[in-house]
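These notes open a run of structures that come right after.
In what comes next, chain A is part of two complexes: it sits with chain B in the first one and with chain C in the second one.
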Partner chain A sequence: MEKDLDKVVDEIMATPNVSGCLVADHQGLCLAAKGTAHVDSAGIIVAISEQACKIQPNLKPPTVCLEADKKLCLIQRHGTITGAIYKQKTEMKF
Partner chain B sequence: MVDDLRKYLNHLLEKVNGLHCILITDRDGVPVVRAVTERAPQLALRPNFISTFGMATDQASKLGLGRNKTIISMYSSYQVIQMNKLPLIITFIGSDNCNTGHILSLESQIEPFLKDLAAVVADAP
Partner chain C sequence: MEKIPDQTGYLILTEDGAVLESAGELENDERIATIIIDLISLSNTVDPLAFGPNEKFKKISITYDDHWYAICISNKKIYVVKRSISPAAAEGNAIAV
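Right, the complex of A and B next:
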């Protein structure tokens, strides 16, 4: 059933510097998680994207980038689905 | 200690959009600590509603999937998330479109407080 989603997640994971990937639905329930992304983060990731959407509700959902010393977490919402990609940092090239 | 915990639960209530109440009760549904907003349905706060979870979790544990930890009940306008922390039960009641995953992640934040509460409830006659 989730074969297509798994395929997309595998493709994302095959991208250089990507260490984890997570997909969640609008209720914050995890649909897929791979690598360093933890299933329990799904709710918080969706909550972050929801809050970010409130900044400019009339525009399409923004991409949120959480930056740490060595890692980045990119959060993007598309309709009811929210995706998060965990990346290793490399000279500010996303 | 209970006052501090109540304050903390109220703080968690504000953090999750659409979350109406957090109840920590014993296995009979008797409240130990509760943080409730005015939007919470009064019927769902009654012990006879909450204690039903005790039976449901016991039965769910017999399905051969291991011990049941959480039951999420979706209703037309509310969702009820109950966690098995026997002798305690944690009940979250939120709106139907509330972020279920976010509520589930609150478990790890409440867990450290449960040890002392569980000892108190276990000692009660």
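Right, the complex of A and C next:
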């Protein structure tokens, strides 16, 4: 049943610099988690995306990016599903 | 803060959410101030496994189609800047991420 979702998660994990990936539903229940992403953080990730949506509720949900020194966490909501991708930072080349 | 390119408004908050300074589209916007304080306290508890205790988040960005908010903490003050995205800059962002 979750074959399609697993495929998407595997595709994301195959992307360079991605260390983890998590998908959760609107209640904060984890649908899929791989790599460094821990199942327990599903609730917090959904809460962060919901909080960010409150800033401008009439616009479509924004992408939230949490940056640490060498890692970043990208959170995007699509309908009732929230996805998070954990990445290693690459050297910025401008 | 006014010198930041493409900024359309900014907020400087204390750690408890009181507005110290504000201008532009975020002028005296206490609603957004409260949301951002909640967002920061939530982000402190994200995944201790992936982000160790020594890896606190330095910056939060919230990106919409045509503008984004940058949130940073320095000297116990929270800086929030709303910036517009020009099409050329949007391409640059996509590469950076």
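FYI, the second predicted complex is superposed on the first by the 91 of 94 C-alpha atoms of A that agree within 3 Å, B and C clash if a C-alpha of one lies under 4 Å from a C-alpha of the other, contacts with A are read in each partner's own complex, and residues count from 1 in each chain.
Note that in this section a residue touches a chain if its C-beta (ideal position, glycine included) is under 8 Å from a C-beta of that chain, and two chains touch if they have at least 3 such contacts.
Given the structure is predicted, the values throughout are model-derived calculations rather than measurements.
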item: Clash-or-fit label for the pair chain B, chain C on chain A; value: fit
item: Which of chain B and chain C A:55 touches, first, second, both or neither; value: second
item: Partner chain(s) touched by A:44 [first = chain B, second = chain C, both, neither]; value: both
item: Touched partner set for A:20, first chain B, second chain C, both or neither; value: second
item: Contacts of A:30 with chain B and chain C, given as first, second, both or neither; value: first
item: More chain A residues in contact [chain B versus chain C]; value: C
item: Shortest CA-CA distance in Å separating chain B from chain C in the superposed model; value: 8
item: Footprint overlap on chain A, comparing chain B with chain C; value: 40-41, 44, 47
item: Complex interface listing, chain C residues touching chain A; value: 32, 35-36, 38-39, 42-43, 45-51, 55-65, 68-69, 92, 96-97
item: Interface residues, chain B side, partner chain A - complex; value: 16-17, 97-105, 108
item: In the complex with chain C, residue positions of chain A that touch it; value: 19-20, 36-38, 40-41, 44-45, 47-48, 51-52, 54-56, 59-60, 62-74, 86-87, 92, 94
item: In the complex with chain B, residue positions of chain A that touch it; value: 24, 26-30, 40-44, 46-47, 50
